[in-house]
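The structure follows.
Lettered A, B and C in written order, each chain numbered from 1.
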Amino acid sequence: MTNPQLVMQAKGLTKRYGQVTALDGADFELRAGEILAVIGDNGAGKSSLIKCLSGATIPDEGDIVLDGKPIHFKNPMDARRVGIETVYQDLAVAPAMTIAENLFLGREVRRSGFLGNVLRMLDKTKMLEQSVARMQDLKVGIRSMTQAVETLSGGQRQCVAVARAAAFAEHVVILDEPTAALGVKEGNMVLELIRRIRDKGLPVILISHNMPHVFEIADRIHVARLGRRAAILNPKKISMSDTVAVMTGAMPPDQIPADCLAH
Amino acid sequence: MLKKIPLAAAALTVAAAATAQNQPVVGLITKTETNPFFVKMKEGAAEAAKAKGAKLLSGAGKADGDNAGQVTAMENMMAAGAKTILITPSDSKAIIPAIKKAREKGVMVIALDSPTDPADATDALFATDNYKAGVLIGQYAKAALAGKPAKIITLDLFPGHPVGAQRHNGFLQGFGLQSFDAKNNELAKPAEVVCMADSFGDRAKGQTAMENCLQKAPDVTVVYTINEPAAAGAYNALKKAGKEKNVIIVSVDGGCEGVANVGKGIIAATSQQYPLKMASMGVDAGVEYAKSGKKVSGYTDTGVTLIADKPVTGVDSKDVKTGTELCWGKK
Amino acid sequence: MDALKNKLPPIGQLGPFIALAIACAFFAITTDRFFSPENLSLILQQVMVVGVIAIGQTLIILTAGIDLSCGMVMALGSIVMTKFAADLGLPTPIAVLCGVGVTALFGLINGLLVTRIKLPPFIVTLGTFNIAFAITQLYSNAQTVTDVPDAMTWLGNTFPLGGAAVSYGVVLMVLLYLGAWFWLRETGAGRHVYAVGNSPEATRLVGIPTERVLLGVYVLAGVFYGIASLLSVARTGVGDPNAGQTENLDAITAVVLGGTSLFGGRGVILGSLAGAVVVGVLRNGLTLMGVSSVYQVLVTGILVIVAVTVDQLSRKAAR
């Protein structure tokens, strides 16, 4: 069996908030070209884990390695700079601004020469063209990039936020509950987009409570429990109810049948 | 309610101390702390209190129109033992309930400078006869015009204010035109008044109002202004249009800056009023009440004098030097 | 079709200009002196102080903030610059810079209280409004500053253009509006102002230095208030400690009439200019018609309600 290439790896992550231990020596592995779902009950430590990986939190102990190089994030911008993009639950879009403006929010492109360097003028045409290109590339079916985000449906907005992360990510895309609060059709639209991102070669970390969605697109499932990694599961072999059992602790890790574990 | 208990306890102690010393306590509440008119009033009250051995408490609202601030000041002063309250009401109607409560407790309330509405809600009123102030400058303007056609622009305060109406209507009366009497809050507009605009008693707004009226009536000969800042603004507008030499500007107030402007030829004549006198008369009345229980009542005119640089026949006026000695504000 | 829709501004943005056109047309018909170049130039001079204050106010309201201290800060600036020239004998450019420095400092204080201590702008500026007023009264001793050097009132001078005397101050106001409009529309920093107003959570998450944008907006607004101070001195020829008392609300009225949303993130700054001019047009036109100023206040109030309603409706329609 060929050794699958590790894009991101974390060992022994620990984080304490006063008396509460959110992460208790958690490990983590993300392979190239996969969709890894991270699931866990409330308080299992999955949010803290994701925050450490996206730079929103600095772990007290432990190492994180990206593409073989150790990294220390001081803030989310550090993570973005090395190519890790995160889509948060509240999407981080400015509703009154256009899709194109939102795609480039915080990363606006300036014109060249005098207009750009001295007058600091933005190259709106270029940003619009690139927005159209990116969205077409990911086959997101929104017709105009100049309409305001608030005119879009919930699912379409999610697609814009996810496509933005995919457009700028170089190594990893992290999605936090992307299909929560979406109806069936819209949820599927987002799942399709996630698959396309993976197919383009970007690995995706997906946090979700939605078991059917997890089982539909995840290649492997990372189960967080009591601040540690309880197991990595193979969704093709294990059943949904057993997965839930592992998550809640009803099924201890040593009782998981071997072929349900992912290697 | 909870806040009033310790305050009341403190007040009782102070009141007890005050009565023990037998020192009359008089409260003065002005509209604002900063208007030089009220600053002068406070000075006059303080001097009178010192001379008569009374204790003066002073307070004010935060801004023109701050009724709640004045009500609070009144309550605090009464709790501190004030038996007489002198007040320049910011809102002539809204202050009435508080005044009623005070008088029911035996406190004498005297309005200064402007009346409450209705005026008999207070025990007495010491104020300028604003109508008379208008009449004097109207008479002056008519005489100074010396037969030239009367094309009058009035820069008033704002609609509905009794002082603004009294000065405006008084001016027209003194000028010899059809006008309303002193009780009327409407502004009279005989045919000779070619434009009326509101200045809000403010220099910049007075300038704007004058500019707009000049567009309507470029051949103006007389400008009546509600107060001296408005007059200064009017002069600026006239100067920009090159008309300042041929127009007579009259005003009311008698503040030191305004009197200086009379000396400079910016204002032809102004009716000077005496805030200091209002306050000191008020303190005297308060001391008398504390000593003998005798209240003052009715309206007392605190006097108004016409100040002009160039006197005219038929109208009594005092010169700028006298006006400067008697003026209020910073000299 | 999309391209065409993109070019035309939505009705909410055109509103103030339509209102202005209607008001001008009305007064041109009902009076014979309204539509002269001289009268129109006069109106622009009358609104130039509020107009420039409204630039700063628009920036702040675009970030979903508000500044109740703007008029008072402007008055303080004018007292500082006139007294520095008259009392301390400083040359005019230095005195003016000092005045603008003081107003910018107030902007900085407002901004720091909003961003560092996280106080609501309404409350912060309510406090600084009182502080600015008190300092103005104390420093000026409640006296008007009258011996102002000619150089300081230069912006009040006029040059002939098309039969009217146009004031340099008005030209400056228009240039400042165009500059601000360009900055807000075409530069990253300007777009960030809109983004911060529309969704500060989003801007934080995507890495825009939100607190720095807010602080910058308040300081920049302070600079505009300082320029308005100079225009006020140029117009009246004096440093007036009692100036600016109604300019606080007048500036906010101009911004609201101009179509900028009080909730932040939406609005065109040129609208504020139209809003300021509309108020001046009403005041001038009604005086020419001999109508009591009470009606000016009434019409202004109605227009404000209409403006806010149109803003709300156009936002609902967009969804």
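Going forward, a contact is a pair of C-beta atoms (placed from the backbone, for glycine too) under 8 Å apart; a residue touches a chain by one contact, two chains touch by 3 or more.
The model shown is predicted, which means the values in this text are computed figures rather than measured ones.
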{"item": "Nearest-to-centre chain - CA centroid comparison", "value": "C"}
{"item": "Chain whose average C-alpha position is farthest from chain A's own", "value": "B"}
{"item": "Euclidean distance of C-alpha centroids - chain B vs chain C, Å", "value": "33"}
{"item": "Averaged-CA centre spacing for the pair chain B and chain A, given as whole angstrom", "value": "72"}
{"item": "Centroid spacing, where centroids are CA-atom means, of chain A and chain C in whole angstrom", "value": "45"}
{"item": "Touching two or more other chains - residues of chain C", "value": "none"}
{"item": "In the complex with chain B, residue positions of chain C that touch it", "value": "31, 33, 36, 38-39, 42, 45-46, 49, 130, 133-134, 137, 141-144, 232, 235-238, 240, 242-243, 245-246, 283-284, 287-288, 290, 292-294"}
{"item": "Chain C-facing residues of chain A, complex", "value": "76-77, 80, 88, 90-97, 101, 105-108, 110, 119-122, 143-144, 146, 148, 150-151"}
{"item": "Contact set on chain C toward chain A in their complex", "value": "2, 6, 186-189, 191, 194-195, 198-199, 201-203, 205-208, 265-266, 318-319"}
{"item": "Residues on chain B engaged by chain C in the complex (per definition of touch)", "value": "34-36, 39, 62, 158-160, 195-198, 200, 202-205, 207-209, 211-213, 215-216, 229, 232-233, 236, 257, 329-330"}
